[in-house]
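Following: one structure in structure tokens, then a few remarks.
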Amino acid sequence: MAWARRALAGAASGGPAGGPAGSVGEGLSGGYQRRWETRGEGRRGRGRSVADQSRTSYYGIAPIHKPPWKWLVITYFYLGGIAGGSYALASIAELTRVPAYGSITRAGRYISLAALAPTPLLLILDLGRPQRFHHMLRVFKLRSPMSVGTWTLTIFGGLCSLSALIQAAQDGVLGRRSGPARLLVTLPSRWVGLLGIVPAFFLAGYTGVLLAATAVPLWTKSYLLMGPLFLASALSNATAAIALALALARGTSHRTLARLERLDSVFLLAEAGLLLAARAHLGGVIARPLREGRVGGMHRFGVLGLGLGLPLALQLVSQRYNRSQMGGGGTSRLATALASLLVLGGGFLFRYVIVMAGRQSADDPQATFELTKGS
Amino acid sequence: MTATRGGASPAGPKGQPAQRPGALGFLTDTTLCIGCKACEVACKQWNGLPMDNIGWTGNSYDNTGDLGATTWRHVTFVERIADQAGRRPATLQPFQSNWLMMSDICKHCAHAGCMEACPTGAIVRTEFESVVIQQDVCNGCGYCLPACPFGVPEISDTDGKAHKCTLCYDRLTDGLEPACAKACPTDSIQFGRIDDLGERATERVASLRERGVEGAHVYGDQDVGGSGGIGGLNAFFVLTAPPEVYNLPRRPELPQRKSVRGYLATAGAAVIFGAAAFFSLRER
Amino acid sequence: MPGLGARLGRGAATTTQQSLAESDCIVIMGANMAENHPVGFRFVMKARERGARVIHVDPRFSRTSALCDVHVPLRAGSDLVFLGALVNHVIQHQKYFREYVVHYTNASVIINPEFKDTEDLEGLFSGYNAAERRYDPDTWQYAGQQTKPAPEEDPAQSAEPRPQVVGQISDPPQTDPSLEDPHCVFQLVKRHFARYTPELVERACGVPRTLFLEVAEAITRNSGIGPDGVDRTTAFCYAVAWTQHTIGTQIISCCALLQLLLGNIGRPGGGILALRGHSTIQGSTDIPTLYNLLPGYLPMPSSAGEGDRSLEDYLRHYRPETGAWHAMPNYVVSLLKAWYGTAATPANEFAYHLVPKIEDDYSFQPMLLMMRQGIMKGLFCMGQNPAVGGQNTVLARRALATLDWLVVRDVHEVETAAFWYDAPEVRDGEVRPQDIKTEVFLLPAAIAAEKEGSYTNTQRLVQWHDKAVEPPGDARSEAWFLYQLGKRLKELYAGDDSPQGRQIAALAWDYPTLDGSSSGDPDLQEVLKEINGYTVADGQPVRDFTALRDDGTTAGGCWIYSGIMPQAGRNLARSRKGDGRASLEWGFSWPANRRLLYNRASADPQGNPWSERKKWVWWDAQEGRWTGYDVPDFPLTKPPGYRPAPGAKGLDAHAGDSPFVNMADGKGWLFAASGLRDGPLPTHYEPFETPVHNLLYPQQPRNPAARHFPRPDNRYHEVGDARFPYVITTYRLTEHHTAGGMSRWVPWLAELQPEGFVEISPELAAIAGVDNGGWVTLSTLRGEVEARAMVTERLQPLTIDGQALHQIGMPWHFGFGGLARGAIANDLSLLVEDPNSLIHEAKSFTCNLRPGRLVQTRAQAGAQTGALRR
Amino acid sequence: MGLGKLGKLLGTHVGMVPNPVSQRTREARSRLRGASATVSVCPYCAVGCSQVVYTKDERVIDVEGNYESPINGGTLCPKGAATAGLMGSPLRVTTVKYRAPHSDHWEDRTLDWAMGRIAQLVKETRDVTYEARNQQSVPVNRTLGIGHLGGATLDNEENYLIKKLFSAGLGIVAVENQARI
């Protein structure tokens, strides 16, 4: 009951409406006037009273409840985004039928399965009653993003594994002659990829809608932007992840890396745009957690600075450098890896900031009253 | 027992809580409330809820704090005694005045945010149009907590599941009046069919305004309290001060009506990003 | 309650809670009804729905004030100035109910010319004996009465209104119906209250004139038949905030005087409702576990001076010739037969000599001193928690420590049982358990639903509770404990011929048990039959108290409860059929199931209802008897026109227009010729500890007849003591029950008010430099406590005689045990007694306040006295 | 037939806001079914609210207001509503506790032992402090050595037995209760 301690500490917002010490006046109608001298040693002749603590809110106690989600859910948002994003990119790369992008497809497939693998465990551990995790599939409720999200996760889990297995079979990881390998190779990986694009994109973006469909002011005020914002962030993380993998792997063509880097810049720009638009739309009161305090600081330096600004700068530098070198290599691979790492770090920090800022926003009475003051 | 009807029934016009034949609910008339907390104790006694004991809060006589997993009725205390100059009133407003006391409870909304958010279908609408969390289904995901515009459900520290007022569903099945409504000494909490209660509420507000209580209004109709797609509350109130004073949102909104629009926005973005990725990769 | 007993004849609420719903104006003063009697308050709310005006007069804005039309904040301890001013207002503006006053009160009686009022003697009545701080009431009697020497007056004398009129009403008192004679009661009252003006109210109570006049107007407009011809009644509700003053009894008697003047007594929606705190505290004064009373408000025989040596002496001292009390011998003899059975014979005056005689004041506070002086060696504590609930509890805990043995019977391990290892002074090392020699027993007790029996509630309603379950473990009911203890003592004293042996041997103590075994619970229906009274020969219950005899043929434990079991097995306390009007079929209301007392006054002298609207009891000429919605509190067949023959005795001596059957002359006493030890007329004196001087009688700041105990461990503050400038009042909260024994250990109640606190105004908080939630320390010459301060505008400074005066409020439930803990407020209070009720003054005394905690420098550094033990 | 069943399942389990009620919820009943009811009076304040105590196999399962009472008509205050909490309080004393003189801890004793010891103590103290006559040789038959506090929360019959046993039987005059605090 964190708020209890905080309410006790009298951290309630809103100063007391201290009027002048009891002023002289004869019996007024509707109330009567008392003449007394308060020696005024204390502040303004009146100690801070119970009424002072409830002038602008109910003793600072939150009108709504924040979700109990912490690290497990934040990590799930992050990994789910990367899994969905990298699978989608892999499939798109396959669609371009450019043979050089085979490496992107392979990296994307493997990364998406690797990212997706821990997510079910994360979600189950986060439940109050983990042994009842299967109840999530008891209903399919369109109006509940978490219900739709869980079904998507299940379906995408199958497709993502299938694609990864097909990829593994094609790469001979499962051996040439073994039964399943031969069967898997026959499956049309492009069609499976295409089939998986929709759940992939949904998995990457639905977490934004899940947060938006709540009463938490910071999440729900600009609800239309939350989905795209999370999707952009997921895609930029995915691109960064693939770029990182390819940068480290030998034999990746320079051009592919440059192309990926440019794509990542596009996503970063979109994410930055959406984030700033959302923040602007929130308004001063509701956006306060993004401005003040620890989370505000992490938002400004961590997410905007390290996660978006710096990687964009690096990518611009490396792109100009590439053009000037016309085909030189070497140094840009290091820059790509560094940029990718920053983006990946920024991505995690972004989800941490959004979730924590949301929890603070739920605890702030002024935010809810601002959101619901209506016309 | 009549078959349980899924979904919600039609919402009522402005100024009147939703008209739902057969719906049972509460009218909590704060002008009769003497802040005795009999409702809090009667609710805990019937439902066997353990004590919270959060300690002395210093928030006037409210040491209960907030609705939670083990507190399904919560009496709020707000002191509005002295004016700016510290003058205390002698002749008071009819009925409850200057020390606002209100027994807060789950609103049992016509369209309930918690019910629409719950991914396991644990939260259902009963034949009495009340909203109940089925303890044999809930797996403690916590999504109903932020989904409720009034901050009612809470996850219990002991059993990890979400809990809130059930409008004494087990008592209603046996034709018994909810424990809090029965215990309330001054009948500030009135239980009954919500259309009767709705008329009683509007009559009460009218007579209060006649006697000089300008601030009197119904909280829980389409306009204030049951707005934004919620379609009215089955547990509504007669208040004499703005809702924010009682820690209630003035015009809350049903969060889940944004879900589908959220999906579409995301799908749109997905198409754009997908195309961007496709062309950005293909282009020479 | 001597206050109501002296002026109306019975010390109990005159009306019912349900009757409040018919009131046109309700004044709640000296009480916080919405918080301490929430369900009783529903009837006040019903009255408000019908448009009644509700006024709350209280130093603090409480949950009651929030639901009232008018809240009048006044200085704690100045209640009588406010009430006196109301009496003065009613008389000056002729707002009294003239026909009611002339016929039903002793307003027209001429008083002995030698009587001198406080206005003549600067604050004293005539007959004051300064050495013994006592009055001799001879000069207060009716004029022309042959003054019979009163029995030796001594402090031990029963504090309850002695029904005996000093001075035999040998012939009808001289009266002046025109109320003009300077010596008639009305003029004496008028002169006595002449200086209680609205200006004095503003100076002494801190209540502005405009507000006082608004209240006075509301009360007088809603009493009697107004100019618009509509008959209205006003009710007063009070509780211990009136009782717990050194002038407590006079405050209550002043309310009775005011209601008599306004003609509200005995009428539906009127009367005075005493709000009692415990479930059956009314029952425990009717069938009294009080030192100075026998069951049925019979005075306890005294051995002071000549004393009540024989039954005949006793009756001669206390039996009046006129009024209902004339039948006293029937009640006393029946009681002795009930107590001593066959050992009580006409020969040995029905074993009257075996009844112990009292010689001094053995009320609660002197008992503490008897323990300290080692006179009292053993104590039984059954459901009482004096370590928290008594006064000067620092002294009280020391007293408990000097006992040889202590038996505590309670539901939880209350502070009284745990003082020897858990009290603040033990935790601080001041006192060591090893030094406390008291042998302590803690026996578990049963709760209402685990035993059968009856409670008497605040409106004299006796209700039976059935047994639902067996008490857990070793828990037993008090009836079981007493019955078994009595049997064991009879065995121990078997054959012992000493006086103490003969006393216990004579006691009739064989009750059938419920399960027939010797170790079972006694059958309380049998005890109830004994209380109701039965004919000794056949053991059949008597119909009502008129059937009790003084020749030993009947036995009756408590005559005022007689009629509760009219036939064998028919227990009216178990009747449970409530109806809309007077609910005569729900429970039994003593005496004789009368719901509204003195309801003869709800009809005019000719026996017709004053008005259709306020009809209650009236004379039915055809039937030749009184009838109505209630059991008439009047001889059924005595016509309104009846006039007594000279020399008539008992109730025959009362005329047909005398509603107050217990009074010697059948009239409501505006002037109390006897029964009140500190004067026939209510007079304002300051509380024993007060920052302000008595503006009315500067020479007499304090009640001259108050009982005080100057001792080093009970030192008093001076009047206007600068070291203790703030007035402190103690009170209760809805969520807890008295000393907390039944609420601070109950989880669902402890969490509602989990910690002791103090309430101060923002203005005082500014002076002390404290904000809401900060720690403050309160100190008096008796003790020091610390608590968190709730800084709230519900308290406010008042301007008393031009000076700013700050008041502090502190709930007194809390102690060092249980789940909800806090400082013990009564560590601060003082031992001092009202002369009549012998009740203390915890509603207004003085203290000092400083910010910060009570830092202990003693043995355990850092262990805070009274702080929470984690 | 499977399809019909599947159709119904889809109807209640899939949709915008599906609302499937579980079997356990369908069978929800109040625990007062089959309980026995006893009418009692609230042990707390003097308003005198009538209470109905529901019990099942010798255990209190619920305490509520009594609708028939003209005073509380089914309502209760917070203390009255907590009566079941008082009867079942976790801190309730249910065994006899004894503290020997000068000891610093409680000891457990049987009820029978305690009753015998108390009777013994009463006799000893009474015999030492009994006064048949006072200094003026007026017969008084009293002892000031023993006192009694309590009564305001005990039944009328119990108050009667206290006054009868202690005063009439043992001559104890210092018998007082909460009326005076």
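Every chain is named by a letter (A, B, C and D) in the order it is written, and numbering of its residues begins at 1.
In this section, a residue touches a chain if its C-beta (ideal position, glycine included) is under 8 Å from a C-beta of that chain, and two chains touch if they have at least 3 such contacts.
Note that this is a predicted model, so its numbers are computed, not measured.
Visitor: Among the other chains, which touch subunit A and subunit B together?
Guide: Touching subunit A and subunit B alike, sorted by label: C, D.
Visitor: Find the most central chain, measuring centrality by the gap between its CA centroid and the centroid of all protein CA atoms shown.
Guide: Smallest offset from the overall C-alpha mean is found for D.
Visitor: Between A-D and B-D, flag the pair that has more C-beta pairs in contact.
Guide: B-D
Visitor: List the centre-to-centre spacing of subunit A and subunit D in whole Å, with centres computed as mean CA coordinates.
Guide: The separation of the two C-alpha centroids amounts to 57 Å.
Visitor: Nearest whole angstrom, what separates the Cα centre of subunit B from the Cα centre of subunit D?
Guide: Computed from C-alpha means, the inter-chain centre distance equals 36 Å.
Visitor: Between subunit A and subunit C, what's the gap in Å when you average each chain's C-alpha atoms?
Guide: Measuring from centre to centre gives 69 Å for this pair.
Visitor: Any idea how many Å lie between the Cα centroids of subunit C and subunit D?
Guide: 25
Visitor: Please list all residues of subunit D that touch 2 or more other chains.
Guide: In subunit D, 13, 15-18, 20, 63, 72, 75-82, 85 touch at least two other chains.
Visitor: Residues touching two or more other chains, restricted to subunit A: which are they?
Guide: 8, 10, 22, 32, 34, 46, 49-51, 53, 138-139, 141-143
Visitor: Of all residues in subunit C, which are in touch with two or more distinct other chains?
Guide: If we look for residues of subunit C contacting two or more partner chains, we find 38-39, 42, 208, 211, 734-735, 747-749, 752, 762-763, 772-773, 790, 792-793, 796, 819.
Visitor: Counting only chain pairs that touch, give me the topology of the graph as line, ring, star, complete or other.
Guide: Its topology is that of a complete graph.
Visitor: Which part of subunit A faces subunit C closely enough to touch in the complex?
Guide: Touching subunit C: residues 8, 10, 22, 27, 32, 34-53 of subunit A.
Visitor: In the complex, go through subunit D and note every residue touching subunit B.
Guide: Residues 11-13, 15-22, 24-26, 28-33, 62-65, 72, 74-82, 84-85 of subunit D touch subunit B in their complex.
Visitor: Okay, in this complex, where on subunit B does subunit A touch?
Guide: Residues in contact with subunit A: 52, 54-55, 57-60, 62, 65-66, 68, 76, 78-91, 113, 116-122, 137-143, 145-156, 159-162, 227-228, 244-253, 255-263, 265-270, 273-274, 276-278, 280-282.
Visitor: Mind pulling up the subunit D residues that touch subunit C in the complex?
Guide: Residues 38-51, 53, 55, 58-60, 63, 66, 68-73, 75-83, 85-87, 89-106, 110-111, 114-123, 125-130, 132, 134, 136, 138-181 of subunit D touch subunit C in their complex.
Visitor: Can you list the residues on subunit B that touch subunit C in the complex?
Guide: That would be residues 32, 34-38, 40-41, 44-45, 50-56, 58, 60-61, 63-64, 79, 81-82, 86, 88-92, 94-99, 101, 185-187 of subunit B.
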